[in-house]
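Chain IDs A, B, C and D follow the sequence of writing; residue 1 opens each chain.
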Amino acid sequence: MNGESTPEVVEPPARKAMGCEPEIKESNLKRLRRIEGQVRGLQRMIEDERYCADVLTQISSVQEALRAVSREIMRNHLKHCATSAIRAGAGEAETMYDELIELIYKHNR
Amino acid sequence: MNGESTPEVVEPPARKAMGCEPEIKESNLKRLRRIEGQVRGLQRMIEDERYCADVLTQISSVQEALRAVSREIMRNHLKHCATSAIRAGAGEAETMYDELIELIYKHNR
Amino acid sequence: MNGESTPEVVEPPARKAMGCEPEIKESNLKRLRRIEGQVRGLQRMIEDERYCADVLTQISSVQEALRAVSREIMRNHLKHCATSAIRAGAGEAETMYDELIELIYKHNR
Amino acid sequence: MNGESTPEVVEPPARKAMGCEPEIKESNLKRLRRIEGQVRGLQRMIEDERYCADVLTQISSVQEALRAVSREIMRNHLKHCATSAIRAGAGEAETMYDELIELIYKHNR
């Protein structure tokens, strides 16, 4: 892949995952590369003025693919970060419950 | 308009949109290029083993961005393709209702 | 105006549907009565302190049932109210597109 | 109309919550009684052949209300049932992750 392309997103100071299983990481990267390809496919569909319903169906398929990545990351989050916080004690656990509820109900629709 | 460079990905026989306003088309392309950048940003986050909750929040933001594109395309679809079918007569209208319901309730969650 | 026992929802001045097929109306009423029963079932589950995951699964099943009602009403809306507006002329049509987009993207998640 | 005690839902053998805070329980019951009222309000709207868009908006408001109950129950679930399982050991924890992922990604949309 070309690493020279446009600077896209500036991330805040990076917090790290507590644990990250190599197979999960690799499969998520693979999924995200496929999603990137799908998004480029969507651009071509728009350029070609493809039938709206076909574009909408394709967008929906990208959304499902993102949801599948999200699901794997949430599983990893529960298994490592959340478990570690919940086992650490009441204070850490309470903060983790808030964070999880926010993730599940605000961000995951 | 004229095919100087042929697209590489083979899509099914392309149905075309009935109408496509140039400003909408341009703004959707711009959004999709930004989404492509966000998806590459997600890949870097996974590579860097960034904190799961931050990745999940970022995925959710990509999903909202896709939803905004979907919204614009649906508006265009209603305005051009759906309106044309609904004005054409009962048969075309009926097929369009089915298609819309499928798009709204199956694909748009 | 007010039913004997429970003062629940005060509705704004009633706008009417343009058309309402009797079978659809009856089947929606039947579905909503079943949903009412499910909501009472949920109250009993909470009173009995039933296992949270079972309550959550039941809530999700009520939501799917509501979505099925919503789907039927949207179909009726497209077939009657939306079609009538779209055939009436550009002004009415434009107002209907806005309303539909609002319903689909704001209210239907 | 006002059936005394209609047999609605046959529940499977009841599993119990690990913990249930009395204020949460009371507030969830209150919310569910309000939701029951809203569902009866929806029945009246259908009977009166109210404007479809108004019915759809009201359905969406019931769904948001159910989502708020679901959110409180999920928080309770994390705090009591999930925490207990996660602290109990690897086997129980693993089963709980699966259950949570199922609840979050299959049932919560």
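As a convention for this text, contacts are C-beta pairs under 8 Å (C-beta built on N, C-alpha and C of every residue); 3 or more make two chains touch, one makes a residue touch a chain.
Just so it is clear, the structure is predicted and the values come from calculations on it, not from any experiment.
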Per Cα centroids, the chain farthest from subunit B: D
Interchain centroid distance [CA atoms averaged], subunit B/subunit D, Å: 32
Geometric centre distance via CA averages, subunit B-subunit A, whole Å: 19
Centre-of-Cα separation between subunit D and subunit C, whole angstrom: 18
Subunit A residues counted as touching two or more neighbouring chains: 67, 70, 74, 108-109
Topology of the chain contact graph, where touching chains are joined (line, ring, star, complete, other): ring
Parts of subunit B lying in touch with subunit C, wherever the complex brings them together: 67, 70-71, 74-75, 78-79, 82-83, 86-87, 93, 97, 100-101, 104-105, 108-109
Complex contacts: residues of subunit D adjacent to subunit C: 6, 8-9, 11-12, 14-17, 20, 25, 28-29, 32-43, 45-60, 62-63, 66-67, 69-70, 73-74, 76-77, 80-81, 99, 103, 106-109
